[in-house]
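The same chain A turns up in both complexes below, where it pairs with chain B and then with chain C.
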Partner chain A sequence: MTNIEKYNEAFIESFGVTEEQLPGLAYQEIPEWDSVGHMQLIAALEDAFDIMFDTDDIIDFSSYEKGKEFMAKYEVEL
Partner chain B sequence: MAFWNTLERFGERTALITETGEHIAYNALLARADEIAGAAGSRCLAFLMCRNCADAAAGYVGFLRRGIVPVLLAENLDTSMLEGLLESYRPAYFYLPSEKASELSGAMVWRGESYTLLRLPYEQDYKLPEELALLLTTSGSTGSPKLVRQSGRNIEANTRSIAEYLGILSEDRAITTLPMQYTYGLSILQSHLSVGAAVILTDKTLMDKEFWALLKEQKATTFGGVPYIYEMLKKLRFDRMNLPSLRYLTQAGGKLPKELAEEFIQTCKRKNMKFIVMYGQTEATARMAYLPWEHAESHAASIGIAIPGGEFWLADPEGAPILEPETTGELVYRGPNVTLGYAENRFDLCKPDENHGELRTGDMAKRDAKGFYYIVGRKKRFLKLFGSRVNLDEVEGLLNRAGIPCACAGVDDRLDVYITDGSLLGQAERFIKEHTAINPNGFQLHVIEEIPRNDSGKVLYSALGARP
Partner chain C sequence: MRVLQFATPLLASNMYLLAEKGRGIIIDPYGGFIPQITGECSGIDYILLTHEHYDHISGTNALRERYGCPVVCSEACGRRIRNSTHNFSRYYEAYAAIQTGQPPPAGLPPVAEYFTYADEVFSGQRTLFWQGHELVLTETPGHSPGSICILADETRLFSGDTLLPGDVTVTRFPGGSVRQYKEIALPYLKKLPGETLVYPGHYKAFPLWEHKIEMEE
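Moving on to the complex of A and B:
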């Protein structure tokens, strides 16, 4: 799996959404991406890429696109 | 006198702090509270849809002060569940966020910043007994009409006890992390107001940066958390955060895994904070037990001891007290905070005190030689999803009535729904998401060949629970 596939898969698995729904997807815009879902997403991404997010990045991780920007910081190229 | 009738003595001290940083003094809170309740007039039943905001808190305080009995409801209640509750209880008034008021037929009698008080057209064909002060839901996410009847004496006794054992100071500022209709959230509001302390009101969660900014700006000294909040704090690396205003944290709403409890005890110790594990139920107003901080390290998996004014004993299967330590039995609590009983509809509201100060908790526990209690299991068919109680039989009933035969089991924070007809999978998922307030991250559907039953046809839930 490529990195972008792994990144997408974390969202798809955590929220039960389809790949088509990912662009523009943002925190609290669907019932599944609430604070509980957010924790599951962060855990899924940390597992998939073997990284550990900083606190500020977890709470700034507000959309599918915004998250992509953070991944670079953890040396994950999408 | 009950604390809500003597709040005037705190005068210009700050009672509430809003998300925008506005400080509302006790005098201003009471002026608003009494105006709202005054618009409703005399003793009656009122629904209150909760948000962590000043108007909601003021409405609640006003209702208590005027003897108006509120039913506290979650904001995300599905319309059909709400209609069912309205029909079961026929409240005289509904106090709710203004934008939601337009969906209901009723006459507006008061309107504030964000809330509206509606007079509803129901005929009052039921009575409210003198001692009844408050009604709370038992399993709110399924829209169950089963409510816990709390008396003024219950609220007063439990609030005083909590303020005493936590040592809440008038300088304290609690920031909300739980909804107000949830007994743990409500108890934090009440116990702080009872000593002239302040509550910072927000519906932001730990995953919102606004929450942390507000906590820092307004120098919160405490907050409470159910187990998943502590999972979040761990994920957020709470141990590395610099939050010098925090003085202590509390935990309730389900059992924290022992390793997580130990981790937070150590983290808090390093940060010169206290971490207080507690135990309670809506049926006991809010709290029944707490683990004193000086014993936290040596008894990390314990719920501690009974709160001031209460006592525990353990019952064997015949109902006789268990005297030996380390023996499991049903945990029974006695105290002035044991509520009056349940109501299923408006005619039950006038029922007398059915508990007589004693509550069989439905939790299985043991006591060690030093007198500390440990929860080891549950007798009743319910689980906690992110702190809220979900009755498994009620979920089953809802789905069965919707034409989806199923059996429900699971563990805290994960409801497992087993169905046998795979073609109903999508329908079952939609039904739970659309017609219950169960968190979509809190349930999993499983298709199995057959629901295991014993010879008399009863579902063998233990056989379901064994599945991965």
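Moving on to the complex of A and C:
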């Protein structure tokens, strides 16, 4: 599985969305991406890429695209 | 037995003090209420954890050191409180900020990476006989793998986050399981008499019958 597939899979598993829904997806845009769902997503990404997000990055991880920027910070190439 | 409820600054989670004949049991310890505990009890015999999440265990190390009593929880909880990812302390400040829209209250010590350990763990069920009272600790996973409920004298239930007033139990946290909740926790709760007084992990106490209606919807 490629990194982008793993990245997408974390969203799909956490929120029950399809891959087509991912572009533009943002926090609180769907009921599943609430504060609890956000922690699901963060844990799934940490597991998938063996990284540990900083607190500020967890708070600022506000969309599918914004998350991609953070993944680069943790040296994950998507 | 007197039941004292203390709402903590950590997402308004509840710490409980059970007091009888000058002795006490603490449920879900928070370190900020030592004067109140000391004013009520000469000593603490047990610290009980309803589950492993940081807002319910933050005072474990401080109060165990202070009172020299054992910490008791489920085997799964005992395993997960050792890990700051599994007990969510590593995520706590971020989660609290997202949940409340505000940074954590000023004056609290930084959470950093908190971890602790249990002195006694159990699987399934364990009964404690204390100061003439019976406390039955029962595993009720779903909200988290380590969740338990504590039934005191068959009349008072300390439910942790397994049952909150008016809310559907959250099973979506990492490690949570809606299947376990439906297969283990919910059948346990449904067997309890409706007049059981529930002391939840957040909010105020309520009679179980108020919630049974919602569980059946």
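Assume the second predicted complex is superposed on the first by the 78 of 78 C-alpha atoms of A that agree within 3 Å, B and C clash if a C-alpha of one lies under 4 Å from a C-alpha of the other, contacts with A are read in each partner's own complex, and residues count from 1 in each chain.
Rule of thumb we're sticking to: contacts are C-beta pairs under 8 Å (C-beta built on N, C-alpha and C of every residue); 3 or more make two chains touch, one makes a residue touch a chain.
This is a predicted model, so every value here is computed, not measured.
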Ask   = Is A:31 in contact with chain B, with chain C, with both, or with neither (first, second, both, neither)?
value = first
Message = Looking at A:55, would you say it contacts chain B, chain C, both, or neither? Reply first, second, both or neither.
response = both
Note = Chosen between chain B and chain C, the partner touching more chain A residues is B
Inquiry  = With both complexes overlaid on chain A, does A:39 touch chain B (first), chain C (second), both or neither?
reply    = both
Task = Pick one for A:9: touches chain B only (first), chain C only (second), both, or neither.
result = neither
Task = Overlap the chain B and chain C contact sets on chain A and report the shared residues.
result = 35-40, 42-43, 55-56, 58-59
Request  = Name, in rising order, each residue of chain B that touches chain A in their complex.
outcome  = 205-209, 212, 228, 231-232, 235-237, 240-241, 386, 433, 439-442
Key: Residue ranges of chain C touching chain A (in the complex, touch as defined)   = 85, 88, 90-91, 93-95, 97-99, 170, 172-174
Task = Show which residues of chain A lie in contact with chain C when the two form their complex.
result = 35-40, 42-44, 46, 52, 55-56, 58-59
Ask   = In their complex, what parts of chain A are in touch with chain B?
value = 14, 16, 27, 31-32, 34-40, 42-43, 54-56, 58-60
